[in-house]
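As written, the chains take the letters A, B, C and D, and residue 1 is the first residue of each chain.
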């Protein structure tokens, strides 16, 4: 599934873990990400592709390529950190090839020092991530969240406890859920995929007054390779990465989109009629010191303020 | 709230616990039940009242009275064990007074000897109680039920474990739910009243292939006094009584209606427009040896085959 | 898909439309129905098959055969009119062959003379069919039903108007819905299959205080051939057949199961793990005067009191 | 309910309808808006009040006052156009008094010239308003929306047709819905309040690929006076105001909050425990030429680009 990208092999690779200030560590990691998508386009169709690695201060894009076969003109534009591609296609077989080399340097923090932020202290632009959204009906889960996690130590540990609970109480099953499946559905049916795990975690965080949002991305070491859905919770004064599926180390996550829930971070928005006939996704670390679950268990990881 | 019923005071009261066969104990208990309901009838309205104690081999009706003020003609008829009253009322203030003296003799069994019945051995007339119903969407809960209770010792103990779990994970809160609240809603919102507790328990039983059904009734020692909703599970070769609310001893339950869920056992079906303005319900044991939770903890109770 | 059943070819075929009393016509029609089902049984599994034509006063079974390959012992038993087969199977490829020759004689009535029955006049055993059920949440649809059909002429014409509306406002799309799809889901999503059409119609009838129930059956002239789901509404003093899909004439419907909704009338209940790998269903009229949509448009059809 | 605000009486009042360019008219209208809210605060509680008129190029705030009794310190801050007040309160009776004099100048456009915008032409910052949100599950309504409005003339007329349909098919009933009621719920139950009307309209617009968002505000001539919920649809190159309730003229709407749905525009967010015990809301035009439904029927109104 993962195509060879030999053109990238001559990149210099460097990963150094540096101490920055007292509680903050960083890592520089070169990750190659990309995807090949093929669509059978049946009617004239508009596409919005949201597959490019975001440009943030923690993600530097060293090299990047976006190609369409046949060669169709497209509009590349940015919404905040996010690079999207918009195009209009007549019926055809459309192939998209994207790859990027990303210089990722997440920050690492001591979990035990990360507290929740009082509502009165939350930045105003963070507040919308307390609101219920399409797939995260936090308004219905407040009683449940308080019952289950109300007495858990607030802070990083509480969000971690939510992830533990979800991990222990859901079964990961490819194809078990669909486009309209929400956190409440998952809580009833107890099966899902990464996006469902994230939605339930986000909903429970919000129900406890912890801002939380959905991230789509590439994930090193994810098996089988695919686009990944995970989440960020706002604690202390920044957003920390979490993944309730525990399927890949968060420090190897390359952010694509950020939103209220998966409704905001679809890798392909299709207005028209087209069927995905082939998909390959990859994320490979090309540095010697592998991203490992070891560090995941010890540090909190942030790639956003 | 509980009106004095002096006419009943001269009844002889007897409660004897007898050994019948090896594993079967019975109790004879005289219980006085009844209700006063007042409706403000706004438009011409049809009522179906389902408030009378059922006539079963375990419930003998010693005395009974059903009265309406003003005196309106009504039809009293039986559907199987169940006595219902149907009437048509022009706008007025309608008062219903029902009371009965019930000679209740539940059977008591050793819990440890009660097993689940293989699907292939279940009587055909029991099978509909495996089907999902309006308020018990067992079809959506199979994964959850198997995860939570799949490894619990089958039999009485498994249904008991379901009741324990519900009791520990829901908060009883009067007025928290409504007419359209289902088992799945309750599983999300984690608050409810007796009918919600019963619905969730029934749904989980059915999801595990244990037939279960809803019972409405009077309950001795229920505080505050009200109509009660509980359930029966079919184990071994009979229906056993359970109450996930644990608010009153099951051996003091006087059956009114039996059905798939509360949709089948409403104490008043109203076709028209009427508002309940007053309601008093009571169930009082008039025998010396009080029904106690002591015995509840030790025996399984059945009032049906 | 429809196997030749040459053994049946020597049956004498007769269809005569007779006048019985004033408003009542009947038809005698010989219909051959049957199905071939193949399952890949993965784990030890209990099956309950509900594929046999019901034995009613309007459906006489002339000849019938139920066979399993491999030859596995099964229990054949009746619940009221309904013949079911229950069996326990070890992992294997299980083939079921059922066929029957049914002498069907529906009754025909003048639509314009069929009225709704006052709640106070409904037989008690009909009342449960006013209650909401798993797939027919009539409790949520009362406002909608009154708005849409409250001013329609009561009686057969009102149920017919409901069928018209559903037929005009849903799209029939094989595979569009699933096991948990309910009337409310269908009202939102506006696509479905026969069972969804029936569920929505039943829910709307009940919301208008018209008893309604689900029928599974065989249907002459259904394209593509399959088990069919339709419904009965209780009007005047009997149950009348309706089909909101309008895909086949109701007078050619052979009843299998009768229930609150599809939860009660599944053609196969499977406790264990088995996958349907082949299915053929047929219903063929072997009489000269073909069942036609012509008569459907003119008469109400009943096969039940 | 509407307090006299005599201090405002010396403001000069002017309303002039001016021609600006060819198709664009504007109006200058002085509107006095405000609210009095009293809460019984039971536990220490954080409040976020979103009751202030937004500062936009179409809404100039001439005078404004925000007061709390008792005098509690609060933080006033802006998120884009929006002024919010955040405070922390110990148990007490909290009274909020807000009033503002707003110089409102909506733009008026010829409805017949307003078209929908191709997906490929929509500004990127408008795209999130195509996504489903908590109360606007547009993903479930695409089939319905296409069936009902797919053949309606695109543009202003199509959004207007959606409003017409909602207005004709819902009943406005105070108190009929709750905090968790969504567009799909409303489509089933067919009753609601202004926010429900807006949610359904927004969901249907999005399902047709018309960006739509929720507006909370004050509304001149709304009876009974209350906060109002309405919506904007993005057509041509700007946001136009719509109100499916048709309870007040859109040209008299004073914007408070703008969001995906009501989850983003609650007039009071309460973290803690407090009960609203008194509420008065007002919006009064103080200019001679009254805002009238007359003009509403003839022009499209925009207060945002």
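The definition used in the following text is that a contact is a pair of C-beta atoms (placed from the backbone, for glycine too) under 8 Å apart; a residue touches a chain by one contact, two chains touch by 3 or more.
Note that the structure is a prediction, hence the values are computed from the model and not measured.
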Interface sides of subunit A and subunit B: same vs different residues, half threshold: same
Separation of subunit A from subunit B, taking each centre as the mean of its C-alpha atoms, in whole Å: 49
Between subunit A and subunit D, centroid-to-centroid distance (C-alpha), Å: 33
Junction residues of subunit A - those touching two or more other chains: 140
Touch relationships between chains, expressed as pairs: A-B, A-D, B-C, C-D
Residues of subunit A defined as touching subunit B within the complex: 140-141, 143-144, 147, 169, 171, 184, 187-191
Subunit D-touching residues of subunit A, taken from the complex the two chains share: 46, 48, 75, 77, 79, 84, 86-88, 118-120, 124-125, 127-128, 131-134, 136-137, 139-140, 179-180, 209, 259-260, 263-264, 269, 271
